[in-house]
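Multiple structures follow.
Presented sequentially are two complexes of chain A, the first with chain B as partner and the second with chain C.
Our next item is the complex of A and B:
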């Protein structure tokens, strides 16, 4: 019984030592543990998510998109002409495409604007939807719970990891586009949407702010995905439902007759991040976006908790 | 294993509910469809016992185990694990309980070792500083040390089962709840696991073992309970349960008609003739108090005296299987 000796950590008083073998004596003493040990689950959760081949593939696709956009823009403009199409003036959302040829940093904004409506929420939907349902489907959930992970702690670990993944996914897009932009296009001072020119350093800072805003824009759908994940034992079903919900919300957001519900749709203010590229910054929609995402986190986070802590685990 | 019963402390404690490793009072689970999966279960697993939990498929064993482990909320009644109420005390009780529930579940993309590290990280009472050696010891204990670095997706069913067991052994446990632990193992693996269960029991761990292999229960367990259609129909020591039904007598003879006559005269009932094989139920001891217990040798002598040519003669040992069939009346068919 070498295990028992190894458990004999000096400061814990040793909850059990099996080789003494008198269970009745041990019953009175609940295992004492360092509260910090509970954090191991959070680290385990994050590493397990990031080590999965599927996660890496998703992040790889996200990294590829800015490269493709960059190369496309480069080819399009290699004859010396400007970027055709004039998409910047459509007003429905910033595209930043025309500015890329002049300044590579615009590739960051263009890529984020391109991935935020579809690719990023899809990737988040996969991770969030699979969070609980995937574990339930493979049966690992019951072993985590009897470990005992604790339902609230497990849900919190899943939530934290999903949130961290929102940030990681966004940063992957931002960094990939920054590198691609720097390689393919010139860098320099940046002319903001409002016409004012700021230094490249300040523009970088704003790019970081934009990335943070994009990541925060995703927390709403991430929490919804986590809630859906507590409803089923099929990871695929939860992922598909979450991604379907993203698409549905996007479609609803384009139907003018439904304008009354638009301010409550989680993607409605997503492209407001462009307002950070104005001088002075337009805070109005940025704040509305963050408030809306916070509302989604509160509502669906509570729903997920209520559901998960009361659920019969039959898988 | 049944010989171990007499005089063991296990026996003395079995009636003291407070000291039971597992105890349920009126434990009931009705699923949403109205189906009664477990009906007023009164289970008492003495500490230090190896407790066999038997029942046909669909009899409510798994639902019971899930309620004990806090995975399913009982509709009514209560369950205590190691003297503490479940699921309320789950956080303090479950670290002292190792479980294998309905087969192993692993992360296929992680190695065997990483799977265990993951499960250990989920236990807030597990010391991260001793995690690696404890995982290594658990792997070693189930004979997986050599395959620890392999991805779990490449494991055979038997190896997965072993890894599941290793997860249950990450910490010293007071109670092990093992649902079909030898499922998918080859005969050698089964022997190893049974030896491991005995070893753990000798160290003082209470083992709650569900199995559909009656043989296994008989070999390993000191106590057993039988469930059928959500109800507990018997519990006690394995010896007590097996004694509840006598074994059958089997005689091989070219003269089956005469044999049946002689056996009937000696109180053997339920006689069945199959070609040259005659089998029957031996009379229960004490069925007629004034009768001396039936001695098999006398029975054989009686047959021979009556001119019955006996080719083979013997009692099939009273087994738990007989008891089981007698109790459930349905053998191992799925409950309707």
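Our next item is the complex of A and C:
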């Protein structure tokens, strides 16, 4: 979905093109008619974001986590024993860990399952929270608006950048864990969690699908972060609020008395990406997850638009 | 100073011509509110719209419906089953529940089916089932990022627990082909969890203490179904209020099974398809090879037939069926099983031995006295048990008074 949004963004980012019969004075803006212009804004946003040391450090930490997990599992099982041993009751130990020693590709799933609750949303929170508020805080937002870009378009560029970053962050984790898994553990045919064996190629495809799903699971919190970012002029405040929201939502998600609101909390279906590893794939929760993330994008995306286009830019 | 401050007109035109006037600004917030509102309305209305419109099917008598079920021979199917149980099993003083007993019994890290069955008796679970003839079945319990599967293919019976990466292997008896005679097979009890098997067991126990009627229609898993309502006759002491079975109108396959207590409230057992497909499942569905490095437990060869009956199956089915070897008093829904604990194994708590069982049960039971002496009654929403102090156990899906009556009569 984020991929689709990326490609769509330039088109929707040009709200008044000449051929829609808009008033003559608007049609007379030559540079705006070019859809590539909005793409350029997005491209510059993305490169600026990715070139920051802060971003690189965050991605580095993300890449390090699978390596650490891989080494830890490797040491734990180096005496030939299986991982952990007994499963004392209901789901002790993180998901997919027992399978890692026998097939390195499970490190991808284990790492994604381990980073999805905290690390990935934290990184997304930092990027999304910084998107508008950071510019405002450092006084560059008004210069961005001085350029004939328009607020809607700038917001769209920021949104697309954040979405792209969701994908990039997830892929960093997935690739790092795939490489680590391949180096430390054997690869081969994969037994899915339903007990059905598939070829390594199909498992790789599924791993790619899992990565895409994890990235899509993050678009909800990313949009919320962007909205929060439009509310304040302090980048730190926006980041902290976003990350705090992630933690709060996950705590609420564990309180059984609140089960009525659980299906509407954005982290509720996060682990449903594992359903892609069943055969046949169990779609129910996957679809719910995507629907929920789409809902968050729609509500908070439009809220961010309402706020940002109506806001007084003072810094 | 004032010279460089842009005028209002210049401001709007220069910075962003999309910026609206102040009144319009507030209007922009209508967009997120509208989106949220539409979403809320959709979430609220869609289930309501979907649940109206019970299908309009030709009238059918209960007898016809039952024979339709009996004639149903859907050998190939697959789908998802949602099973929700609320037996009201009391918690142990230590904080655990009766369900934990079975888990401990089967040892740690084993993929043996018993411990998984125990999990099914409380809460809500999703099962995925696939059947292709009597030789190939598969049931898996969908868990969080893990799955527990039982696969029966010919003579092989496998169970695989992806959460602990362990497998369990057993050999099915060769005569397993005889339909409905899977008694000694290990995963048997889990397959019992499908609506078909349960419905079959229930129908076999229909007799003259029972009211059977067709009570409207419903839609289950996108298919039209008749609702068969089975109720004990008025003067029954049973704790069971009613049993409702939704039967596919087209091929007679039971799609949903609901057991409601007489005391009202939530259904005790609610098993139904949420998705069903009567096509042939993929052959690979029934192939299982234990993955490299998985811990494989072989089924113990000895005394499989004498293995203690698991409490996991002790729902309505077993309360009437499995205990039939014991001394049974009363008939129909009011059956009470009586056993003298030396050698008895059907007390809730299973094979922990009579001493342990009564010790545990004393912890959360209720003291009763009667002509028979005194004893302890342990209640769940479905099954009640009376343990007399002189070592007799009366178990049945009947209320407390009926148990005392049975005990008195036995005196």
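Here is the rule we use: the second predicted complex is superposed on the first by the 269 of 315 C-alpha atoms of A that agree within 3 Å, B and C clash if a C-alpha of one lies under 4 Å from a C-alpha of the other, contacts with A are read in each partner's own complex, and residues count from 1 in each chain.
FYI, contacts are C-beta pairs under 8 Å (C-beta built on N, C-alpha and C of every residue); 3 or more make two chains touch, one makes a residue touch a chain.
Everything quoted here is computed from the prediction, not taken from an experiment.
Engineer: May I ask you to decide whether A:146 touches chain B, chain C, both, or neither, giving the answer as first, second, both or neither?
Structural biologist: both
Engineer: One more residue to check, A:248. First (chain B), second (chain C), both or neither?
Structural biologist: Touch partners of A:248: none, neither chain B nor chain C.
Engineer: Looking at A:98, would you say it contacts chain B, chain C, both, or neither? Reply first, second, both or neither.
Structural biologist: second
Engineer: Examine A:197 and indicate which partner it touches, taking first as chain B and second as chain C; both and neither are also allowed.
Structural biologist: In the superposed model, A:197 contacts chain C only, not chain B.
Engineer: Please indicate which partner A:310 is in contact with in the superposed arrangement: first for chain B, second for chain C, both, or neither.
Structural biologist: Touch status of A:310: both partners.
Engineer: Using the superposition on chain A described above, determine whether A:113 touches chain B (first), chain C (second), both, or neither.
Structural biologist: Second partner only, chain C.
Engineer: Can you give me the overlap between the chain B contact set and the chain C contact set on chain A?
Structural biologist: Residues 15, 26, 145-146, 150, 310, 313, which sit in both footprints.
Engineer: Quick check on the complex: what are the chain B residues that touch chain A?
Structural biologist: 19, 21, 47-48, 66, 69-73, 82-83, 90-92, 94-97, 99, 101-110, 117-130, 133-134, 137-138, 141, 164, 167, 171-174, 202-206
Engineer: Over in the complex, which chain C residues touch chain A? Could you list them?
Structural biologist: Residue list for chain C touching chain A: 15-20, 25-26, 28-32, 35-36, 39, 78, 80, 103, 108-109, 119, 126, 128, 140, 142-147, 149, 151, 158, 160-167, 274, 282, 284-285, 287-295.
Engineer: Going by the contact rule at the top, pick out the chain A residues touching chain C in the complex.
Structural biologist: 15, 26, 82-83, 85-91, 95-96, 98-99, 101-103, 113, 145-146, 150-152, 186, 188, 191-197, 271, 274-275, 278-280, 282, 284, 295, 298-300, 302-303, 305-307, 309-310, 313
Engineer: Give the list of chain A residues in touch with chain B in this complex.
Structural biologist: Residue positions touching the partner: 1-4, 6-7, 9, 12, 15-19, 21-24, 26-27, 30-35, 37-38, 40-41, 43-44, 48, 51-53, 138-140, 142-150, 153-154, 310, 312-314.
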